[in-house]
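I've put the structures underneath this note.
In the two complexes below, chain A is the common chain; its partner is chain B in one and chain C in the other.
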Partner chain A sequence: MSAPVLGATDQLATPPVGPAPLAAEIKSGRWADVWRAITRNKKALVGVLLLLVFVVLAIFPGQIAPDDPTAQTYLPGLHPSWHHLLGTTGRGEDVFSQLIWGTRLSLVIALAVGALATVLSVLIGVSSAYLGGIADGILSLITDVILVLPIFPLIIVIAAYRKNSGLFTLVVVLGALGWSYGARQLRSQTLSLRTRDFLESARVRGERKFYVILFEILPTMTSLIVATFLGAALYAVLAAAGLQFIGLGDPNSQSWGTMLYWAQNGEALFAGMVWWALAPGICIALLGASFALLNYAFDEISSPALRVRRLERSRIPKRLPPPTQPSSTEAVLKVEDLTVAYATDSGPVVAVDHVDLELARGEFLAIVGESGCGKSTLLYAIARLLGSPLPGEIVGGRVLFQGKDLVLLEERELRRVRWRDLSVVMQSAMNALNPVLTVADQMRDACRAHSNMSKREIEERSREVLRLVSIDPVHLHSYPHQLSGGMRQRAMIAMALLFTPDLVIMDEPTSALDVVAQRSLMVQIKELQERLGFAVIFVTHDMSLVSHFSDRLLVMYAGQVAELSKTRELFDRPRHPYSQGLLEAFPSLRGPKVRLLGIPGAPPDLARPPAGCRFAPRCPHVQPRCTEAEVPLYSVNGSLVRCVLQESQG
Partner chain B sequence: MTETLLRTEGLTRHFHVGKLLSRQTLHAVDDVDLTIGRGEIVALVGESGSGKSTIARLLALVYQPTRGEIWFEDKPLSRLRGRRNKLAYSGDVPMVFQDPYSSINPAYRISHGILRGMKLHRGDLSRTERRTELTRVLDAVGLVPVSETRRRFPYELSGGQRQRVGFAQALALRPKLIVADEPVSMLDVSIRVGVLNLMGELREREGVSFLYITHDVASARYLADRVLVMYAGHLVEEGPTEEVLHRPKHPYTQLLVSAVPDPRAELGLADARDVGEPPKVIDPKPGCRFRARCPLAIAECETVTPLLRELGDGRRVACHVAT
Partner chain C sequence: MRFVVRRLGFFVVTLWAAVTANFLIPRLMPGNPALALMSRYRGHINPQSLHAIEIAFGVNKHQSLISSYFSFLGNIARGRFGISLTFFPDPVMKNVLQALPWTLALVGVTTILAFVLGTLIGLVAAWRRGGVLDGILPPIFVITSAFPYFFLAMLAIWLFAIELGWLPQSGGYDYTNTVGWTWAFVSDAVKHSILPALTILITSIGGWILTMRNNTITVLTEDYVRMARAKGLSPWRVMWSYAGRNAILPNLTGFAMSLGFVVSGAILVEFVFNYPGVGWMFLQSVENQDYALMQGLFLMIVLAVLTAILAADAATAVVDPRTRDVR
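Up next is the complex of A and B:
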C-alpha cells in the first residue's frame, strides 16, 4: 500500500462476497473452475470420454484397425469371430476395420459443420441484435425463413443436384442451413446483454462497434457459443449419416453413413450380416450422444439453478440453545430457534442461524441488515414461502402462530392461515401483481381462494380496502401498469388487508419508491396498523426509514441476531458495534457536517463464517476473546446484544 | 464560483414514445441551464423519471440533444466533428454507472476496461507506462494491494470494490469532469460512505470535477458544493448545498427535504398527506409541472412556465411564488 487512503473502507482485507458468479463469469474467468466443473459432472465426463475415444480412432485408424477397410480379401458374410470382431461385409471386407476408418470422416463432418454453423450463427445473431433497426429486420427475416424451411428435404435436393461432389459441398450445405437456430438464441441473448451497463460503458469510452461486438459481447457468451457448436455438431452427425445412407455424397468414401448405404444395398439384415448395419448405427448414436451429453452438461454447469443439490443436514454445526426469555401470553407470533440453510456446491450455508423472536399483538417490528444478512430468508421462512425465488430449507426450530407451529403445517392447512390471518407484501408490486389481470380480478381470486364470499361481498370488500389505502375505488378495474408505482404498492397492501389479518409481513415494500412516496406510504402503513390492530414485521436495509414507525428493531448480521432493542433505544444507545457502525454510516440532512467512515471490510462469506463473533473482522473494538468462542446474546436493559462487551452489563 | 468548466444552455431532450399512429413526445429534459466549475462537485437531485439520468447521458454523448447546447471549456459540443475530437471529449468527461454488478464486463479481469481506456484516449503511453498508470489509478481508488487486485475478476469483488473499479476506469483517462450516475444507490449502507469519500478525495488530489447524480438528498449534502434540483424534466432550484437544503425555496424542494427519513429529527408530517408522484411529461402544455401538488399554486402557474430566476447569493429558483 503506497498511499494510505482514508475512505477505502472495503479493501480486500476480508474475502469479498457478492452474488453467485454468472455462467459467463465461471466460464471465461477460470479454466481451473471449468475443469473442476466438468470432472464433477457425470454427463460431462461420459461425453468427454466418448468423444475422446472417437478422436483417437479418427486420428490413428491405421494403427488400430486390423485390416485395410477396402480390401475385399475375405469371404463375404462371415459371422463375428476372433479374426473378424464384427464379421465381414457382403463384399468380403472387415466390418470392424471399416468402422474405425469411418470414424474420421464422420467426425470431421461433425466438427466442420459445427464450426461453420457456429461462426454463421454468431456473426448473424450477434450483429443482428446489436445493430438493431433495419439490419436486425433483414437478418432476422433471413434467420426465420431458414428456420421454417423444411431443411432435410432441401438438403436432399441440393445434395442430389451436386451428387458425388464430395466432402466440401456436404459441409457447406449442412453448415449453411444449420445455423439459424443458434442465431436466434444468440440474438436473444445479445438483446438481453444490450442494456447491460458494461456495453454502454464501452460505448461511452469510445469503442467502435466491431470492437464491442467481438471483444465485449462475444467473450461473455462463451457458454452459449459452445452450446451452439455442440448442437450443430449433433445435427451434422445425424444429417450427414442420413444423406450418405440414401446414397448422396461420395459412396466410395469411408464413413458410417456410407457403411449403412452399402449394408442396405447388400441386404445385410436378411443375409445375416447384422453387425454390418448395426455397428455404424451404434457409432452414430454414440457420437451423437457424446455431443448431446456435453451440451446438457454445459447447460448445467453454466446455469447452477439446473443443478440438483441436496442439503446435508449433518454438516450444519449444532449450537447450544439460547437463554429462555420471559414470554408474554399476548404474543401473536413466536419464533423459536429458527434455522434455515440452503445447499451449495461447497456444502450447506446457514442463512438464518438460530433466531428467536416474539411479536406482541399489534406490534411493529423492523428487521434491518445488509444484503445477504438473512433478513429476507427469515421472513420467507416465517411465512413458509421458501423455495422460489429464495432457496432454503428450515432445518430446525418452530414458528408458532395462533398456537400452531407453521413449520409442521401441510400446504393445505397453510393456505387457510396465509392471507386470512397472515399476509405478505412483497418488495416489487410490479412483479407480485399479475400484469394481465385487473386489480379487481386479483382481489376476487384471492377472496375465492380463501373464503366463500359472494360476488357482491367481494366487490364491496375490494372497494373498502382500496379506500383504506387512499386509492379511489375507480381504480378497481385498472390493470397494474395503469397505476403509478406508489399506487401499485398501496394496492398490494390493500390486497393483504382483504381479510383483516393478525400479522402482515412486509419485505422492503417501499424500496422501489421515491422518498416522498416512501414517506407517505410509511405513514399510511402505520395508521392502518394502529387502526386495524395487526402486527407488522417490516424488513428493510434502511434503518432510518423505520426510525419513527417501528416499536422494536432487530439488527441482523451474517444470519444472526446482532441486536434486538426498542427502536428509540437502539437509535439513542446502540450497543452492538455493528449497530453503531450502521448508524454512523449514513449522512444526515441536519446537524453539523461530519466526516463519516462507514464500516471497513465486507460481511463474511456464510459458507465459511469466521470463528467466534462474525463481526469481529470488521469490529473497531475487537478483543482476543471475540474470536475464541461463539458469542451468546446478552440481555441488557431489555435489549438483546450479541457482543462480549455487554457481558459485564448483563 | 470558480472558473466554469462545463455549462449547458437550454439543454433539451425529447423521446418519441408509442406506436407510429399514436406517437407522442416524452419531454425527458426541458430547457436546462446548468454550470459546473473546475474542481467543483455539483449534485443533481431528483426523483426517478425527473430526467437526471438523461442529463448524464447527454453529457456523455450517448444522446444527442433535441435542442440546446453544451459548452465544454467554452467550446460548443455541437461543433465537435470527427472521431478524434469526440474521443478527446469523452476522455475529459467519463461516466461512472449506477449498477456495479452490470457495469464491468464479467469476462475480463478488472484491468481490462482501465487499459482499454488508456489505449483509446492516451495513445502516447507505452505498454509499460500503461501498466504503471494502472497501478496508480487502482491505488488512488483504494483497491489495494494493487499487485493482487489487478488480477481479479469482477465476480471476486464486492459491490463497493466494483464501484471503485468504475472510478479507476474514469481516472485512467485523466478526466476533468466525472459524471457519476447514482454511484452508491445500489451499495450496502455500510460501504456507501467509502465511495462518497473516494469522490471527495479524488477532487482534492486530482482536481476532478464531479456531477453527482442522486436521489439521496442527504448524500448530496455530504458531498456536494452546490445542488441542482430537478422535477419532471425541469431544473427547479439551484444554489449552494447548505443554503438549498436548509432553506429550500421551491415548494418541491421543501417537500423533498421534509420527506427524507432522519432518525435524529422529528418526523416531518406537515405535508405527509401528499400522495402525488411526478408526472410523466408527455406533450406538456405550458405551466408549472409541480402545480397539481403545490400548496402555493396561483392562477399564473397554470399558464406560464416559471423560469429560473436569481434570488441572490448564487441561488436560483423556478417558481412564480417563492421568494
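Up next is the complex of A and C:
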C-alpha cells in the first residue's frame, strides 16, 4: 500500500458516521426490507415521494402542462389565476407550464451526473485501493487534486469557452469533476475490507481480481455507493441550476435554471411577477431536498447509532422482587435485584436479569462468563455508566454503595462519588484514554473535579500513582499513543488509584495484553489491592486468569447469576453444569491431563430467552423439569447455584 | 517534517494542475477556442490588446505547443497574467488584488462564522440527544443545505430590500461614498454585506451542523467519553475536551475541502448582489470574454482554497497530537 497523499486527513478518511458497519445488513436485506426501512423513516418517505412526483412530471409533461411552454401567446406579467396558476412570464408564457416542462432537463441532469460520477468513483476508488502500489499512489493523487480544485469555477471556465453548453457537455463536465469525494471514501472503505477474511479466502481460491471486485467487494458497499450517487445528484442539481442561472446553459432549453435566468433578466421580482422567479427556485430546492433527505435517511438507516430508540418499559416481563436479605454491615457494595434492559427495534431485551450480589470491604470478586452474557452490562450498570455504546437502562433494583442507592442519585450527586470512591478501569486503554490529551492532562482534570489540589500537588500525586504501577514518571506528559500497550494499561490503573477509592471496577483490564504481561499486571493489581485495601469487581472471560487472585467467583449466564462461590470452592467443586463446562474449556496448570471440552452451542438470544433454565438447551444433564419453570438460586454449602440438580442438597 | 514536505508537494501539484487546466481547456475544447478567438480579434483591436490575449493564452504562432506551455508557466510564475480587456489597460493582477479584499471579508468571515456556529450547534444537538434542538434542526438543515445559494439571495433581496426596504439591495457600498477607512464608509459596507452574508451563512451552516452532530454521536460511544463520565468530570468538560475535541478532527479537513464549495456558492451570491468581489468580477470576465482576467481569478480562487487546506492541516496538527508524531 503506498503512502496516501492527503496525509493528516487519511486516518480520518472514512467518515466516522460512515454507513460501513451495517452495509452487510443492507446487502443481505431483500427489497422488502429496504422498502420497510424507507417507509419507517419519515425523512426517507418524504424524499421518495418528492422524487416520485418529479419523475412523473418529467415523464408526462405534455399531459400535465396546460400550455405550450414556449408559446408567447398571453399578456406578459399576468397575476396567478385559474387560467394561469402561477401567472405568466414577462414574455407572455405560462409559468406553470414552463415549470412542468422544466422538470425533465433538471431531473435528467441530476440522474445522469449522479450515475456518471458514481461509476467513476467506484471504478477509481475501488481499483485504487484494491490494486495498491503505484497505481494507488497515482489514482489517489488525482482524486485528491480534483477534490480540492474548486469545481464550480472550473466548470464556469469550461462553459465560458463553450457557450450555450447543452445537456451532454453539462453532464460530462459535472460528472467528470464530481466523482472525487465518493472515490476517496470508497477507497478507504475498500482498504479496510482488503484484509477481511472473505476477501482473503477469495484470493486463496484464486479468483480473478475483476470477479472479486464485482461480486465480493461492491455488494458490501451498497450504502456508500448509494450515498455517492445521491450526493453527486444533489450537487448536479445545484451546479446545473447555477450555470443556467448565470446564462451559461442553453438559454433556449426548458429548465428551472433557465427560467430563473430569464426571470432575473426580466427583473421579475421588481416587476411584481413574483412566481416567475419563486416557482423554479422552489422546485430546484425541493428536488435538491429530496436527494438530501434520502441521503440523510439512508445514513440513519444504515448506521443505527444515529437513531434514537425508546425503551418500552411496559413490555418488560414483571416479577416480584425477592425479600431483602439481611446483609453484613461491612459490605462496601450491595446490589439488589438489579435489572437492565436494552431498547432494540424488536422491543426491549433484558440483559441483566434480577441480579443480587454483595461485596465486602477489600474483597476481590471476579465475574466470568461468555461474551454476551451480560457481565459488562452489569458492571456498567453498577457504575451508572450505561448509555452509548451500551445504551441499556436500569429498569429495576438497587445499587447500595456507601449507604446510598446509586440508581436513584442525581447526576450531580453521583459525580461526587465517582473516582473519589468508585473508579473504573476499562478493557483497552487505547480507547479509554483521550487520544488528544496527555496522561497528565487526564489525571489533572480528575483531580480538579474532586479536590482543591494545587498544580504542584496534582503533579506530585500523578507521579506518585505512576510509580505505584511501576511507570517512570517521565512518561507523565506523554500522549496515550506514545506509550506501549502495557504502559497504557498501567497508566489507566494508576489513574484509577488517584484518590485510593473504596471500589475499583475492572472490565477485562488485561485482555489487550500478551500472556506474560497479563500475569505480571494481575500480580501487581493484587498487590496494590492488598496494600491499599480497595475492593475489586473484575470482569473476565478467562477463568484461569483470576483463579489465584479472586476471593469469590460469580458465573453469569444469559443475564442471570448461574453460580456464586468462593473461588477455590468453585474450581474444586463446580456445581452448575455451565461452570463445569467453563472449567473444562481451560487447561489446568496442575493435575491430571484431561481432554479440553468446550460447551457446544451458543448463549441464547436474550430477546427470546428459553423457558425455564436458560442453560437447558446446551446442558448435558438436562431433565424435563428444567424447562418447566424458572429455576431459583439454591444455596449449597455457602454457594449459590441456579440448577435443579442442587434442589435436594439445599 | 516529511509530512510538511509532502503537504507542500501536494500544494504544488494541485496548483500546477490548475494552471495546466487553464492552459489546456481553451486548446482542447472542440474548435480550439483560443485560436478562434485570436483570429476573430486580429485586425479588430489594437496590437497591444492582441498581445494581452497572447499572453493570457500563451498563444504564439512562432511557438510549438510545448514551448508556449512553458512560457505560459513562466509568465504565471512571475505573476504576469496579462492585461484585462474589461479594465483595459490595467493588468489582471491589479484588478484581482482590488476585488480580493471584498471577497475575503465577505466569504472569509461568513465561512468561519458558519463553521464555528455550526460546529457548536451540532455538538450541543448531539450532546442533548433526542432533545428539542436535536429533533428540529437536522431535518431543517438537510433542506436548507439543498437550497441554491443564488435563489436564496434573490429571495433575500426581494423580501428585505424591495418589500421591506430595510437593507440595500446590491453593491458592496454606496457609490456616492469615497472608499477609505472612514466610519461612514465602513458602516455602509457592513450594511451592504448583511444580506449576502446571511445568504451564505444559512446555506452553508447546515452542513457543519449535520456533520458535527453525527461525528459527536459516534464519538460519544467511545470508551474515553465513558471514562470521562466515570471520572466524575463536569458535563461541560466531558462535552468540550472529550467529545467535542475529538469530534471536530474530521471536520477540520472537511472544512477546508468544502471551502471550494463555499467559494463557488459565493460566486453566485456576489453575482446576484453585484458585490464587487472576486466572484462578481469572475462572472464579468466570463461575460466579456476577458479570458486573461478569468484565468487570473480562477488561479486566485484555487490558491485561496489551497491556503485554507494548509491552514486546516496546521490546525489538525495542533488539536490532534497523533498527527504530529506518527508522520
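In this text, the second predicted complex is superposed on the first by the 516 of 650 C-alpha atoms of A that agree within 3 Å, B and C clash if a C-alpha of one lies under 4 Å from a C-alpha of the other, contacts with A are read in each partner's own complex, and residues count from 1 in each chain.
The rule is simple: contacts are C-beta pairs under 8 Å (C-beta built on N, C-alpha and C of every residue); 3 or more make two chains touch, one makes a residue touch a chain.
Only a predicted model underlies this, so the values are computations on that prediction, with no experimental measurement involved.
Colleague: Which partner does A:599 reach: the first (chain B), the second (chain C), both, or neither?
Modeller: Only chain B; A:599 stays clear of chain C.
Colleague: So, A:616: does it touch chain B (first), chain C (second), both, or neither?
Modeller: Touch status of A:616: no partner.
Colleague: Give one of first, second, both or neither to describe whether A:207 is in contact with chain B, with chain C, with both, or with none.
Modeller: The answer is first: A:207 touches chain B but not chain C.
Colleague: Contact-wise, after the overlay, does A:514 reach chain B, chain C, both or neither (first, second, both, neither)?
Modeller: Touch partner of A:514: chain B, not chain C.
Colleague: Look at A:233 in the shared chain and tell me whether it touches chain B only, chain C only, both, or neither; answer first, second, both or neither.
Modeller: neither
Colleague: With both complexes overlaid on chain A, does A:292 touch chain B (first), chain C (second), both or neither?
Modeller: The answer is second: A:292 touches chain C but not chain B.
Colleague: In the superposed arrangement, does A:99 touch chain B (first), chain C (second), both or neither?
Modeller: neither
Colleague: Contact-wise, after the overlay, does A:485 reach chain B, chain C, both or neither (first, second, both, neither)?
Modeller: first
Colleague: Taking the two structures together, which residues of chain A meet both chain B and chain C?
Modeller: Correct list for chain A: 3, 5-9, 11-12, 16-17.
Colleague: Mind listing the chain A positions that touch chain B in their complex?
Modeller: Contacts found on chain A: 1-3, 5-12, 16-19, 21-22, 24-25, 28-30, 196-198, 200-207, 216, 219-220, 222, 370-371, 470, 484-486, 514-520, 522-523, 541-545, 547-548, 571, 581-583, 585-591, 593, 595-599, 602.
Colleague: List the residues on chain B that touch chain A in their complex, please.
Modeller: 47-48, 60-62, 83, 86-87, 90-91, 94-95, 97-99, 101-108, 113, 116-117, 120-121, 139-145, 148-149, 153-162, 164, 166, 169, 188-198, 200-201, 215, 217-219, 221-222, 245, 255-257, 259-265, 267-269, 272-275, 277-278
Colleague: Tell me, which parts of chain A touch chain C in their complex?
Modeller: My answer: residues 3, 5-9, 11-12, 15-17, 43, 141, 144-145, 147-154, 156-162, 234, 237-239, 241-242, 245-248, 260, 264, 269-270, 274, 277-278, 281, 284-285, 288-289, 291-293, 296, 299, 305-306, 308, 380, 383, 385, 387-389, 411, 414-420, 423-424, 426-428, 431-438, 445-446, 449-450, 479, 481-482, 495.
Colleague: Applying the document's contact rule, which stretches of chain C touch chain A when the two form their complex?
Modeller: Chain C reaches chain A through residues 3, 6-7, 10, 13-14, 17-18, 21-22, 25-26, 29-30, 33, 129-130, 138-139, 142-143, 145-151, 154-155, 157-158, 162, 210-211, 214-215, 217-224, 226-235, 237, 241-242, 245-247, 249-250, 253, 256-257, 260-261, 263-265, 267-268, 271-272, 282-283, 286-287, 289, 291, 294-295, 297-298, 301-302, 305-306, 309, 313, 316-317, 319-323, 325-327.
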